[in-house]
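Same chain, two partners: subunit A is paired with subunit B first, then with subunit C.
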Partner chain A sequence: MFGNLDFDVIRRALPYLFYEGMTFTLTLTGLAALGGLVFGTALALMRLSGFKILGRIAGVYVDFMRSLPLVLVIFWFYFLVPYIGQWLTGASRPISVGAFASSLITFIMFEAAYFSEIMRAGIQSISRGQPAAASALGLTYAQTMRYVVLPQAFRNMLPVLITQTIVLFQDTSLVYVLSITDFLGAASKVAQRDGRLVEMYLFAAVVYFTISCIASFGVRRLQARIAIIR
Partner chain B sequence: MNYNWNWGIFFQPNPMGTGTYLDMLLSGLVLTLKTAALAWIIALITGSLVGVMRTLPSKGANWFGFAYVEFFRNMPLLVQLFLWFFVLPELLPKAAGIWLKQLPNAPFWTAAIGVGFFMSARVAVQLQAGIGSLPRGQKMAATALGLTTAQGYRYVLLPMAFRIILPPLTSEFLNTIKNTAVAITIGLLELTGQARSMQEFSFQVFEAFTAATILYLLVNAVVVTAMRFLERWVAIPGYITGK
Partner chain C sequence: MIEISHVNKWYTPSFQVLTDCTTSVTKGEVVVVCGPSGSGKSTLIKCVNALEPFQSGDILVDGTKVNDPKTNLPKLRSRVGMVFQHFELFPHLKIIDNLCLAQEKVLGRPHDKSVTKGMQLLERVGLKEQAQKFPAQLSGGQQQRVAIARALAMDPIVMLFDEPTSALDPEMVSEVLDVMVDLAREGMTMMVVTHEMGFARKVANRVIFMDRGEIVEDAPKDDFFGKPRSDRAQKFLSKILSH
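Let's turn to the complex of A and B:
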């Protein structure tokens, strides 16, 4: 079954797979998680702000993003971002945006919808007395959020946020549709060049599996450690 | 924005000779729905089996369920599709591998099976949570009435658990529909794939993707509405959502 497989092809491709591919995947995952969290928190605050219009806008955005397949969103932004850039900078032609910037914008915009639902649940899990106490102490809305509500919401939701980031890590493989050299893209390029699809895809599967497994094991440990005892 | 809008493009004949561009997108929609339906059947059946195994009082069954879920959850769907599509035929005995590769509609079957097993792990987790949310007394009462384990699941636990997890199952079904778009990578011309090829033929990027977006939103709305009715119909009397 494994008789005519050549696993040496993996060893030879290792530097390319990890220096080029995995670096791209991990950078994209990290920055998109960070950006998605910031934008997602803003969306959650808009939804809970009490201003009807703001809440409605955020709600429509979140529902809209969550009902589209990521692949379609990747295509949308890939073609749309140059035009938005042109509009923002007032250039005469659609500006060219690199593969990395384009996919980073896509994942931030897409993941923000998911992160916002997590943060919303987190904010709602804070008891009503806390913001009330904060405003009794004379804190402004911004201070209440910054010093009282968000730190606790973030802490309560940390395991869920990391789990979502693991999903994001797996989803970044979809930039394959734009022929970008992320980890899977690198594996696939080597696979096609050397005609070694089986070895390369098996190896990619093992790497994704190992990283996700270790991360989700870590989440379980973390969950047990940081739970606030009430 | 210096982009040449041309909304009439949908009524122009497509280069495949299969009618207009609109027909092309609609055939993609049909394929998306077919793939999603088959995948969902696979996901429900295997997911239910594995979900039940995770709650059985047997160490072996628990362990198998745990390993199954971890296996399918910790790999990107795209990689799983590649494994089914490129790797599996090579690892099988020669004759079986050749038969697999020559299957007509290989991308369709691969996508349905790949997405189906990917989603089955999620269904299993939901069902396990649903069974876990039932009061302990229900299982005990079933045993006390003399039901075997199988009967207890069939007549007591599962009818309750499935109704409780109906809302999360709805979103998993929506995810199944969305996930079929990943099959564009193995050459399945579902809705996203057809929008992409319409863009390549006609250069009308934004019209093609707008149409696909609207179709996805429509499907979403129909599924959500239908599931609302189903939820009300099967609601458990005496529960908050019940009659």
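Let's turn to the complex of A and C:
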């Protein structure tokens, strides 16, 4: 069966696969993780703020996002955002935002729901004596969060945050529904063009697997180090 | 310096943590608070810098009413140093940064001035060499001395201690008490929750005995150790002095 496979097609497609595809995938992963972390931390702070209404809003948002399949969110968001933009700005025509911006916003909003739960657990893992000590020194609530609680929560949760980012890295391949050229999209285009489906999809799988594996290994090393510091 | 008058606090109406507590600490005075565990000592001392709210009564610190909603609490707290049972150093910051954080963010001191001040205080508590380490690399006694230095870095007008030595291994208690004794002898106003009666005998002006949320006894040191008036204080004293 493997007799008539042509693995040279991969070598010839490498520049395209990595310069275009992988660059897009990594950019999307990185920006979405960063945005999701910031937005997610804000959601976590809302939930822990003690203001009931804020907490409820954040809670409903998180539950809503977590009960939808990601593909649907990507898909609907892409088609809805232009109309939402039109409605918000009162423009006469739908506002086109482009596939990249649309998918980035979608991933940030979607990942924020997951990151917020991680950061919430991280904040709750800090003993109450820490914010008490910070307050006793005269730090305001915001300063206590910024300089004492969040850095520790982030540090304690770093392995989980990275693990979630690995999942995100794999999930970004779902942007194929918008015919975007991410890594998988690039591989699939070459596969269609050259009629080399088996080779290209096999190669794509190996690449995703390798990167995720290396990252997971890094997480385990990190976990061991954090365990020693604490 | 600290005026506590008729303070009541409860978590549920049937569970009163503080009942009509009234006392005061004047400038330069060292007041030791003791009593059985669960008697409300920590709660009372935390009311002084409003880390704990209370339902009725008043507390004044240097003339500022702690329980007034208009009071700028961060500002007030920055002038009241507090040392906790479990040190509560910030584990993600180096020792010197533990000392600088509030100086810079609360008092607005420039970084180099905070570092200079921090190093002076570390030297004073005998820990200058540890400045670049993280809290987890220090022993309990060292951590507590850093915590005292961190509070002093804010130039407090009064220092509160909540059982500063009770989480320490016995051999480390004296290094922390020595620092506190020096502080008392330099005239710092101090309110100290502790069972270290040796410390009380050495530097306290007054001793307060609490039981079940009430201030049962509030007497000059010599009177307290000479002949406590209440049965409960006598029992308590004989218990902790017997070992």
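Going forward, the second predicted complex is superposed on the first by the 223 of 230 C-alpha atoms of A that agree within 3 Å, B and C clash if a C-alpha of one lies under 4 Å from a C-alpha of the other, contacts with A are read in each partner's own complex, and residues count from 1 in each chain.
Note that in this section a residue touches a chain if its C-beta (ideal position, glycine included) is under 8 Å from a C-beta of that chain, and two chains touch if they have at least 3 such contacts.
In this text the structure is predicted, and so the values were computed from the model without any measurement.
In the superposed pair of complexes, A:19 makes contact with neither subunit B nor subunit C.
By the touch criterion stated above, A:151 is placed in contact with subunit C alone, subunit B being left untouched.
When the two complexes are overlaid on their common chain A, residue A:7 makes contact with neither subunit B nor subunit C.
Judged by the number of subunit A residues each one touches, B leads among subunit B and subunit C.
In the superposed model, A:68 lies in contact with subunit B only, and not with subunit C. When the two structures are aligned on the shared chain, A:184 is found in touch with subunit B, with no touch to subunit C. When the two complexes are overlaid on their common chain A, residue A:136 makes contact with subunit C while staying clear of subunit B.
By the touch criterion defined above, A:201 reaches subunit B but does not reach subunit C.
Overlap of the subunit B and subunit C contact sets on subunit A: empty, with no shared residue.
Residues 1-3, 70-71, 73-80, 82-83, 86-87, 90-91, 174, 178-182, 184-185, 192, 195-196, 199, 205-206, 209, 212-213, 216-217, 220 of subunit B are the ones that touch subunit A when the two sit in their complex. Against subunit A, in their complex, subunit C makes its touches with residues 46, 49, 51, 73-75, 77-82, 84, 86, 88-92, 101-102, 105-107, 134, 136, 150-151, 154. On the subunit A side of its complex with subunit B, the touching residues are 1-2, 64, 67-72, 75-76, 79-80, 83, 86-87, 93-94, 170-171, 173-174, 176-177, 184, 188, 197-198, 201-202, 204-205, 208-209, 212-213, 216. Partner subunit C is touched in their complex by these residues of subunit A: 127, 129-130, 132-140, 143, 147-148, 151-152, 155, 229-230.
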